Amino acid sequence: MDFVETILNLDRRIIYTIVALLVLIPLIKPFSLPIKPTPEVIGIFREIDKLEAGDNILIAADFDPASKPELMPMLEAVLAHCFERGIKPHVLTLWPSGPGLAQQAIERQAEKYDKKSGIDYCFLGFRYGNVAVILGIVSSITDTFTTDYYGTPTRNMQIYQDVDAVRDMDYILDIAAGATVEGWVVYAAEKAGVKMGASCTAVSATAYYPLLQADQITGLSGGMKGSAEYETLLSGKYGVPKGDATKGMDAQSAVHVFIVLSIILANVCYFISLKREDEERRRA
Amino acid sequence: MLFFKRQWPIIIAFVMGIVMWARFYIPTEQSQTLQDEFMRWARILFGFAAMLGILSLLHHHWNKIKLKRPGFGFSVVTLVAFVIMALTGLLPVSWTWLGFADNLRSSNGPHMYLFEHMFVPMQATMFSVLAFFIASAAFRAFRARSIEATALLIAGCVIMIGRVPVGDWLASVTTVEMGSWGARSLINFPYVTDWLLNIPNAAAQRGIILGVILSQIAISVRIIFGIERTYMGGGD
Amino acid sequence: MTIGEIIGVWLAAGLTLMMFSFIYRDNAFFKLGEHLYLGISVGYFVNIQYHQVLVPDVIRAIRVEHDFWVIIPSLLGIFILLRLVPSVAWLSRMSFAFYIGGFAGVAIPNVIHGYFLPQLAETLRPFNAGLGNNLNQIVILLAVFTVLIFFFFSLEHKRIVGGISRIGLFFIMISFGASFGYTVMARISLLIGRFQFLLDDWIRQTILRL
């Protein structure tokens, strides 16, 4: 078997091993390539950074552990950004498997910045119904979430004495692993006239560019790279330590280069084999 | 009886659909209250609908054990795991003797312990395994067999490099001074990626979105007027 | 790290490796993990169901707020559960008709107003933003039009229509290529996340104690 045939019939276990090594090695010994924030992510960072202390931001943590490496760093970074600036985050989730991760992120950041639930932030938790929840909070947050995640009635909370609906929010951010962004845009941002940003998994990032172009969202962060860009912006301006997304970027680069090179190599070999077959047919 | 089984649901869907549709054009306090109440009811209904899924799954595994079908041992694992996970969050008992917090909703409670150390790693790993398969599939099946396939391949490869730091690095190391043009990068994947995502990709996605919206509207109209009845299921 | 945390990390690492064993081939360890995951996730959802739906929206509403209206949607909810009982399964149709009909009515005006029209307006923007942007605008117009033609199946895709839809397909392929690039990115990110856990939380913190 010559080189071309070897490549075309390469054992999948060799590819698996290379992928595993290319993830592992940069994690053990990072080469720290600089991360350049894109205008899409700057569009979210800038809007949140423009808010003043005491302003309110609605964060929908619509993701579960399956997208944790991509979106959890974004949630943590945005929460750190809010607490750093004195902005009050109202966190909720439309995903039934979402509250666990959101709880971890908000408790960790609140402890770090010494923030109090019900005063500086509120973790509303989860309610079933997607659009029914969005339209509910467009009308009244305390009627839709009568209690927060921990079972404390929301109506008496200090944080809800001056605000009670999406229109009272100063920004909306949907951190989404599924198709919830459209729902937030159509039923919340457009209806209440509040600016919105979207952070989504890389898989769905391309689908939200029309929203970005039409200014229906101010910014778009796609996957772990988007989260790493946000961490870079936050670290650059406020000195907040970079998180897991930034640490993973070298491995991401290494595997991407391998996959692109392997696609090129496989295609070159494929065309050589086609040419050979053609020649053999002509000879026959 | 047949009227209640077949016609009554269609009447309910029609009335609800027309009322909620018309409500949009009547911005009064009463119409807002009507929508708020509908949304509240819908949230409770969604909760029960989700419970239906849980019940039918448990029913399936219970039957498998009862009839001792092949692999019923795995169903035992499912049910035992379910009972333990459910009870740690529902039973109002103290778990402090095991070093856990007293509050069931606390992140230091037993329920969140199982969530963090079982649910999270299992779900995350299940999806991460796809990384190996997608790399292998790209190598084996991604071929420039036609113009369309070539467009797909080139766009995919450009974005894979242009959206990670190595793309920025390549652009910076190949930057040269070009007189009055200023500094220009010779291999600028991030620039091409930006254009691809913001222009042809956004436009194609918009075409798809507009098509989806039109079909969503058509389906909604069909539901309201009783032409689309799949939600009724089979039988009488 | 406490003993509990160390046990938790070892448990998570063991389960991670169990799920990774699928890469080699489908095996009993993976099946065990798969069923364990199923049970754990259903148990988790039951808790969410109880604490985030039943308690605040039904039990608290009746007991604390004395709001007895919630009995009606609760009854409709019980109708949904009756789908499991064949003789009265038809009752669930009332509940489905109620919310599917209602949401169809909610969706039509909202989607047109908040999604369709803004997207259409952005597509039909005037050409007054400089040469580069105008050229891009032409590409956008062409792409949106040809993609819509591609999905218009009431006309046979032959001759001019076939040619236009082929251009649409070309744009769709560019978009799918972009999606593919991003999908690779997503899957690799998830793998990085698991390796970060195995390296940092498991090996470094519990084995090497760094």
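To keep things simple, chains are lettered A, B and C as they appear, and every chain counts its residues starting from 1.
In this section, a residue touches a chain if its C-beta (ideal position, glycine included) is under 8 Å from a C-beta of that chain, and two chains touch if they have at least 3 such contacts.
What you are looking at is a predicted structure, and each value in this text was computed from that prediction instead of being measured.
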{"item": "Selected pair, greater C-beta contact count between B-C and A-B", "value": "B-C"}
{"item": "Farthest-lying chain, centroid of Cα atoms versus that of subunit C", "value": "A"}
{"item": "Centroid spacing, where centroids are CA-atom means, of subunit A and subunit B in whole angstrom", "value": "14"}
{"item": "Length of the line joining the C-alpha centres of subunit B and subunit C, rounded to whole Å", "value": "1"}
{"item": "Residues of subunit B touching at least two other chains", "value": "35, 40, 42-43, 46-47, 49-50, 105, 115-116, 119-121, 123-124, 126-127, 131-132, 135, 138, 153, 156-157, 160, 163-164, 197-198, 201-203, 205-206, 209"}
{"item": "Where subunit C touches two or more other chains, by residue", "value": "23, 41, 44-45, 49, 51, 53, 57, 103, 106-107, 110-111, 113, 115, 119, 122, 175, 178, 182-185, 188, 190-191, 193-194"}
{"item": "For subunit A, residues contacting two or more additional chains", "value": "16, 19, 23, 66-69, 96-97, 100, 127-128, 135, 149, 151, 206-207, 210, 213, 222, 225, 252, 255-256, 259"}
{"item": "Touching residues on subunit C, where the partner in the complex is subunit B", "value": "2-4, 8-9, 11-13, 15-16, 19-20, 22-23, 31-47, 49-51, 53-54, 57-58, 69-70, 72-74, 76-78, 80-81, 83-84, 86, 89-90, 92-113, 115-116, 119-120, 122-123, 136, 139-148, 150-151, 168-178, 180-185, 187-188, 190-191, 193-194, 197"}
{"item": "Subunit A to subunit C touching residues, read off their complex", "value": "16, 19, 23-24, 27-28, 66-70, 96-97, 99-100, 125-128, 131, 135, 145-147, 149, 151, 182, 185-187, 190-191, 201-203, 205-207, 210, 213-216, 222-225, 244, 247-248, 251-252, 255-256, 259"}
{"item": "Residues on subunit C engaged by subunit A in the complex (per definition of touch)", "value": "23, 41, 44-45, 48-49, 51-53, 55-57, 60-61, 65, 103, 106-107, 110-111, 113-115, 118-119, 121-122, 175, 178-179, 182-186, 188-196, 199"}
{"item": "Subunit B contact footprint on subunit A (complex, rising order)", "value": "10, 12, 15-16, 19-20, 23, 33-36, 38-39, 64-69, 96-97, 100-101, 103-104, 107, 127-130, 132-133, 135-136, 139-140, 143-144, 149-151, 206-207, 209-210, 212-213, 222, 225, 249-250, 252-260, 262-264, 266-267, 270"}
{"item": "Subunit A-touching residues of subunit B, taken from the complex the two chains share", "value": "32, 35-36, 39-40, 42-43, 46-47, 49-50, 103, 105, 107, 112, 115-116, 119-121, 123-124, 126-127, 131-132, 135-136, 138-140, 142-144, 153, 156-157, 160-161, 163-166, 168-169, 190, 194, 197-198, 201-203, 205-206, 209"}
